[in-house]
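Labels A, B and C are assigned to the chains in the order they are written; within every chain, residues are numbered from 1.
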Amino acid sequence: MTERGELRRDLEALLFVSDEPVPSAELARSLGVDRRQVDTLCEELARSYEERGAGIVLRNVAGGWRLTTSPEAAPVLERFVLASRHVRLTKAALETLAIVAYKQPVTRHQIASIRGVNSDGVLRALIERGLVTEVGREEGPGRPVLYGTTPEFLERLGLSSLADLLPLAPLLGAAEEGTAADGAD
Amino acid sequence: MTERGELRRDLEALLFVSDEPVPSAELARSLGVDRRQVDTLCEELARSYEERGAGIVLRNVAGGWRLTTSPEAAPVLERFVLASRHVRLTKAALETLAIVAYKQPVTRHQIASIRGVNSDGVLRALIERGLVTEVGREEGPGRPVLYGTTPEFLERLGLSSLADLLPLAPLLGAAEEGTAADGAD
Amino acid sequence: MSEERADTGFAVELPVFTGPFRVLADLLLEQKIDVCDVPIAVVTEGFLRHARDADRWSLEEATWFLAVCAILLELKVGRLMPRHEAIDEEDLIGVSPDLAYARSMELAAFRRVTAWIAERLEREALHVPRLAGPPQEFAHLYPDVLEKVTAQDLARIAASVLRPPPVLDLSHVTPIRYTMAEALRAVRAHLERRRAARFRELVADCEERIQVVVRFLALLELYREGAVELRQAETFGEVEVLWEGGA
């Protein structure tokens, strides 16, 4: 494989595992090339997806490159997600919401560490539903966004303030996996 | 775009959004075609990734189709991925895992008899890692729990089913011949 | 593995039994003789001598012997150590040496296959899947999770996700209720009165095996301090304890 081919392969792999737009500068650092070269490679890759009518597209959005599904595949995807992923989505969303509620203010990264998987999509869904919102930024490198629950979240649960959330301590010892699963259904 | 092209596009999009191996039957349902056709399309797609030296590969593991990054891109990805999927297991854990894989469904006691030592701690660790799980209970006194491997085990090994495990019989033979030869010296 | 082939012809001479080891093993496994009365070290020495005298090692004989000794040792450990699960011993008794031999072969095969498993795990770790799920365009597909969820449900879910990893289950370990201090006091009291005693006498009032073990450790401690002198006329003979401590 040519050096250019290897770069394109590595670039595609990087974009594949990322769930948000990756700035050219960051891709350039990972690949050991300059930004301009990254942009050229990304444009090439985007064109090749387009030419072969792929199910994924590569876009330059919000200051970075991001792989996503082709808009034309949306109807099939929606059917697929609703039919077979629904339970998983519910479980993921509940877990994420519980973490935000009890650990707020919390960063995306902290949530992902606790759940063991990237939870950005879920977090976005919770924001869209008005249950979670940005509440500030953490001090320190990158100043990551901090998330917390909204007044609507409290209202939906019939709580007057966060202080009314049930204390976790008594549950930490007793709670079984089974009960968590029940709650997720 | 041809109908086949559209199917391939939708298939690729479905695989892209899935976070676990998707059985052909499930893909077939979403795409409105039969399983055989899905398998053919997946094989085609897998080959096309391979031919263009893509950063992603499509494989049949743990009873389903799954997109992952190409192993060749692993060095570049290391810094990028949240938690390494690498599982380093102790010798005792590997041994116990092998016994569960080949003897399943198997009881704690049977494992201990083969290994000659109590293996409960190791078994618990394997369960926590999601490689082993309870699969039922044996008939008879005490109704001991039976253990088996999880789909995640197959996936971590890159096997499509338990039938792909390395056959044990030749190893049993080799053991006997090997030691007998040693003894004759 | 036929009985004839596994028969060792190796004989032992012990206080409890004199004759072919094969017969002794059967008697032990049938619980006709108490395993604690058989010094396995002496038997092993005898076997090694027997093997040396023979023209060459017989692999089958050696393997069979090892399998039997492994069972005997495990039985013996089971007898000497406090243990609640009596069932283990029953199961061990049910294991014939031939079956143990077969299992050792099986275990060897499993050990070979672990190399293959380890290698595959290593290689497969290089494949990274995408865990992000549906992209943001599909956020509207996420269910309204609070529809059927109460504050209690949420707390339970939070607890299950935030709970620290389970601690090691030690319920199978018998807590030791006997202290070294108690054992030292008992041994001292006895010896200060009698000046000399046999170990058997020093543990005569012990109710549990673990208490005997602690007494023995206390005795070693006193020996280390120079408070007692220990004598044993023969291997596995009575241990005599003489009080040397300040009167």
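Keep in mind that, in the parts below, a residue touches a chain if its C-beta (ideal position, glycine included) is under 8 Å from a C-beta of that chain, and two chains touch if they have at least 3 such contacts.
In this text the structure is predicted, and so the values were computed from the model without any measurement.
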| item | value |
| --- | --- |
| Geometric centre: closest chain by C-alpha means | B |
| Taking each chain's C-alpha mean as its centre, the one farthest from chain A | C |
| Mean-CA-position distance for chain C and chain B (Å) | 34 |
| For chain A paired with chain C, centre-to-centre distance based on mean C-alpha positions, whole Å | 49 |
| Inter-chain centre distance, chain A versus chain B - centres from mean C-alpha coordinates, in Å | 26 |
| Multi-partner residues of chain C (at least 2 other chains) | 128, 130-135, 138 |
| Residue list for chain B, restricted to those that touch at least two other chains | 16-17, 19, 67, 69-70, 77, 81 |
| Residues of chain A that touch chain B when the two form their complex | 1, 5-6, 8-18, 30-31, 48, 52-56, 67, 69-70, 72-73, 76-77, 79-81, 83-85, 88, 112-113, 116-118 |
| Of chain A, residues touching chain C in the complex | 13, 16-19, 68-69, 71, 74, 77-78, 81-82, 85-86, 89-90, 92-95, 97-99, 101-103, 114-115, 117-118, 120-122, 124-126, 128-129, 131, 153, 156-159, 164-168, 171-172, 175-177, 179-180, 183-184 |
| Complex interface listing, chain C residues touching chain A | 128, 130-146, 149-164 |
| Touching residues (chain side chain C, partner chain B) in the complex | 57-60, 62-63, 70, 74, 91, 95, 103, 105-114, 116-118, 120-135, 138, 165-166, 168-169, 172 |
